[in-house]
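As structure tokens, here come the structures.
Look for chain A in each of the two complexes below; its partner is chain B in the first and chain C in the second.
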Partner chain A sequence: MKRGILEKLTVWFSWAAGLTLLSAVSVLLGYLLLKGHEALNPALIFGETPPLRALLLRERVFDGLFPAVAGTLVLITLSIAWAIPVGISTGIYLAEYAGGRVKRALDAFFDVLAGIPSIVVGLFGFASAVFLHRHFSERIGPCLLISSIALSFLVLPYIIRTTQAALEGIPRDIRLTALALGATRLQNIFLVLLPKSLSGIMSGIVLAIGRCAEDTAVIMLTGAVASAGLPRSLLSQYEALPFHIYYISSQYSDPAELTRGYGASILLLFLCAALFSAAYGIRKGLTHFTLYRP
Partner chain B sequence: MKNLREQAAERAFLLSALASCAITAGILVFMVLMGLPLLREGGFLALLLNSWEPYRGAFGVLPMVAGTLAISLLSLLVAFPLSLGCSFLTSGIAPKPLRGPLRRIIELMTGIPTVIYGFVGIFLLVPLIREFFRHGSGMCVLTAALVLGVMISPTMTLFFCDAFDRIPSSYLKAADALGAGRAQKLIHVMLPTAKKGILNGVILALGRAVGDTLIALMLAGNSARVPESVMDPARTLTAHIALVIAADYESPEFRSIFTCGVVLYLSTMVMTFLVRYLARRGEGNI
Partner chain C sequence: MNHSADDTIKIRVSDLSFSYRNRPVLKNVTSDFAEKSITALTGPSGVGKSTFLMTLNRLWEDLPGASMEGKVKIRLQGRFRDIYDRSMAITELRKKVAMVFQSPNPLPMSIRKNVAFPLKLAGERDKGVICRKLEQALRMANLWDEVKDRLDDDARALSGGQQQRLCIARALILEPEVLLLDEPTSSLDRRSTAIIEELLTGLKERLTILVVSHYLEQVVRISDRVVEFADGSIVSG
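Right after this comes the complex of A and B.
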């Protein structure tokens, strides 16, 4: 009799927990859409400026999100560009070359790297910017370049892990066929193994893009500012979508600005949701242990 | 010729692996070096256990350590039952056709940016807490912990689901053969077998909670005092770094945030190694 109660309680408890979490997140999304839906129009991004002229960089956008969106896109592109070559080659080394103790040691390093809080990476970026400013050139300060490098440190483990997991998941017969036909190790990697694991690697990259798009802690320390216009050079400060949202939440001056904050949140949310579902769609088989080391 | 290229490629791969390691170690070394002048004066422990009163020359980070602990542990308390329940649902309790979609929704939830949790928290939860408890501004440990708990739940759920998925199907079939119901199978077979995986998930989620900046920064009120109740405002180590960053480069305030950085780095490192240790010990028996 007592057992029956325990089981019923478990079932009740599970449904209650599931509904609580789902409703918490639906309230979050619903509230955002309710408050922000009226801001969702071209004026949210381009303000009073005609969209075409803004896109062709003929006119500066003052009261729209265009500079923030552009800043985020440039930032993502740069960070991913730094992280991909290093990440993929490290993944290849881990999966194909490293053995035994070396691999265990490297594994430990990348687990630690994956666990470092993003604000600490941001602090590192900021401190190195200040260091470079004092000892090398007056022109270097917190800027787009520093931000993108710091962000690439943050997403490096994602790319390393997905590359490694994708390569290690290749079955033995595929792995040995080309070698048996006389291919060298390198040819085997580039002509057989990498193409075979491309989808896994891609999902890691997409996930890394999502992480770059949403991260706020790193960029608020390394050069994102509230108003800078379009990013002009690698050494200039820039605007970014997540930082803009944070800034509005603490400094908004009128309801119109607040509504724009809701609009920006919806924009960022859809961007991240799209990237995440893409990452999961590309490769379902990768476990969350490779993807979600915090 | 070919041999040369092979070797060059291997060198290049090794080099990037070493570079990634150097980044990991370099961040810690840099933090320690930058914080050194202040560390030398009083010692690491004194800095850790002192209060934060910059006007009286005290730059200890104790209030921030307390704030981080209070907020992250409380958020774990919120997230653990939620995640356990959700993982029960997706690995056994919910009807089969619902499980897949449910899991996909939870996977999607992990992609919600933290700044959005913070943004909605400020305008939705903070006024509610203020009205409900009629105490302070509504920005307090409780508010931050609630939002943080919801934020880490999806990830924690997925870790738990993974732990359940790794149970050999022979165990489950044996339970089925003995006539166990869905809930019985969960309580008596799956839960005891996946204990270690669940502990792993909790530690990893704790690491996320400790490392999160935006939610605490936006919702916890940021007062640099040890919170006495969950209704008090508090400041976490992460928020402290973000707040003090504007100060003068040579000032002791600025130096002190590197102590925070080192503490954060080392504590997440300890958690990482704990997870690795548990995983290695568990290799033999699931």
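Right after this comes the complex of A and C.
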């Protein structure tokens, strides 16, 4: 009898937790749409500039979010590009090669890395920029390159952990299949284990993309500014959507500007959704390519 | 190297002991296995039969926490060789001593890619050779007629029995000299079991087969010799 009640309570609690989460997300999205829908038009992104001319980089956008969208996209691409090879390689090392004390030490180290607050990573990036400016070249300062490297540090643990967990979760039979057929350890990793783990690894990459897209603390210290135009080089400062949203929410001068801030938030959500879809598409294509191509 | 060994002996195991995570699994196992025959390894669960198979292709070396003592010699390409000798490349050994696992384990690939997978590992790129060997292996495993029109379908869509025959075809494609099977029919129905038993009986013309089996009737039906394991040692056979 007691057990029956406990089971029912658990089911109810699980339902309630799920529903609460769903409602919270719906309320958030609804609120953003309610507040920002008026700003959702091509002018929000391109301002007075004709969209095609802006997209072809023929004309500069002054009063739209186009430079911030471009800055965010470039920033995410760069950060993920640094983090993927290092993260996946480290995950492979931890799951397939490291053992005993080394593994325990590295596990602890990556747990610490995962727990570092982003503002501390930002400060470290800023300090590095100052150091490089003083000792190497005056051209180096807070910039896209420093931001992307700092962000990649922030998201590395996600990619390392998901790669490691995906590889370690492969059943023993599958793990031994290729080895029993004469595969070397490396062939086993690249031809069987990694393709089989793509789904898990990709979820880590998706998490990393989300984190790169939303993080403000790191970029505000390492190169994001309110007005810089399109990113010109790795060593230039840049605009980014989360920084723009932060900037507007703290310094807006009239209600119209705040509405544009809500619009920018919706735009950031769309951008993330588009990147997630692209990541899943790539995963599907990559799995098919690695496992099924004739 | 033992050149005086009886020509009909394919595998010679001497004083083989094995432990996993400091627990002894095999104790001083010594036995010879004849060429082109089927030997059934029987005994209760957990007495070391599957582990014994893994010592014949050194697959245990990929399990952390395992250690082995003793000698295993296998006649490969006419020459008796110590498979634990440094000169023996592990990948070459596993191409000659193939293994099929208890549950069918097709890789998440098409039927064609699954069966041709060992050829890819071995670096074979000639499509003509791959096609010829693929057909040959599938025919040997009595599977060709059932899959020849859908070679590019996912292998996991096949029935359990077909999947296990696919795994046998995959093991046969590199033309091994020894085939190790770890309870190959334990997850299959009666009809699929009968097909695989018939297949194994046909294969012993070319191969030396060691099969772990729990089913007494099956052991009597297909094997030339029965080796019974108990508590990590051979107690009869």
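We take it that the second predicted complex is superposed on the first by the 239 of 294 C-alpha atoms of A that agree within 3 Å, B and C clash if a C-alpha of one lies under 4 Å from a C-alpha of the other, contacts with A are read in each partner's own complex, and residues count from 1 in each chain.
To be clear about the criterion, a contact is a pair of C-beta atoms (placed from the backbone, for glycine too) under 8 Å apart; a residue touches a chain by one contact, two chains touch by 3 or more.
In this text, all values refer to a predicted model and were calculated from it rather than measured experimentally.
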Inset, instruction - Kindly classify A:173 by the partners it touches after superposition: chain B alone (first), chain C alone (second), both, or neither? - result: second
Inset, instruction - Examine A:99 and indicate which partner it touches, taking first as chain B and second as chain C; both and neither are also allowed. - result: second
Inset, instruction - In the overlay, answer first, second, both or neither for which of chain B and chain C A:126 touches. - result: first
Inset, instruction - Based on the superposed arrangement, let me know which partner A:196 touches: chain B (first), chain C (second), both, or neither? - result: second
Inset, instruction - Applying the touch criterion given at the start, work out whether A:183 contacts chain B, chain C, both or neither, answering first, second, both or neither. - result: second
Legend entry - chain A: partner with more touched residues, chain B or chain C: B
Inset, instruction - Once the structures are superposed on A, label A:41 by its partner contacts, choosing first (chain B), second (chain C), both or neither. - result: neither
Legend entry - Contacts of A:17 with chain B and chain C, given as first, second, both or neither: first
Inset, instruction - Could you tell me if A:242 is touching chain B, chain C, both of them or neither one (first, second, both, neither)? - result: first
Legend entry - chain A residues contacted in one complex by chain B, in the other by chain C: 184-185, 292, 294
Inset, instruction - Using the touch rule from the top, collect the residues of chain C that touch chain A in their complex. - result: 57, 59, 62, 64, 91-92, 94-95, 98-99, 101-103, 105, 107-110, 112-113, 117-118, 120-122, 152, 154, 170-171, 174
Legend entry - Interface residues, chain A side, partner chain B - complex: 3, 6-8, 10-11, 13-18, 20-22, 24-25, 27-28, 31-32, 35, 85-87, 89-90, 92-94, 96-98, 106, 108-124, 126-128, 130, 153, 156, 160, 184-186, 210, 213-214, 216-217, 220-221, 242, 245-246, 249-250, 261, 265, 268-269, 272-273, 275-277, 280, 287-289, 292-294
Inset, instruction - Provide the residue numbers of chain A that touch chain C in the complex, in ascending order. - result: 99, 173-185, 187, 191-192, 195-196, 291-292, 294
Legend entry - In the complex, chain B residues that touch chain A: 2, 5-6, 9-10, 12-14, 16-17, 19-21, 23-25, 27, 30-31, 34, 81-86, 88-89, 93-94, 102, 104-120, 122-124, 150, 153-155, 157-159, 162, 181-184, 186-187, 204-205, 207-208, 210-214, 218, 238, 241-242, 245, 249, 257-258, 261, 264-265, 268-269, 271-273, 275-276
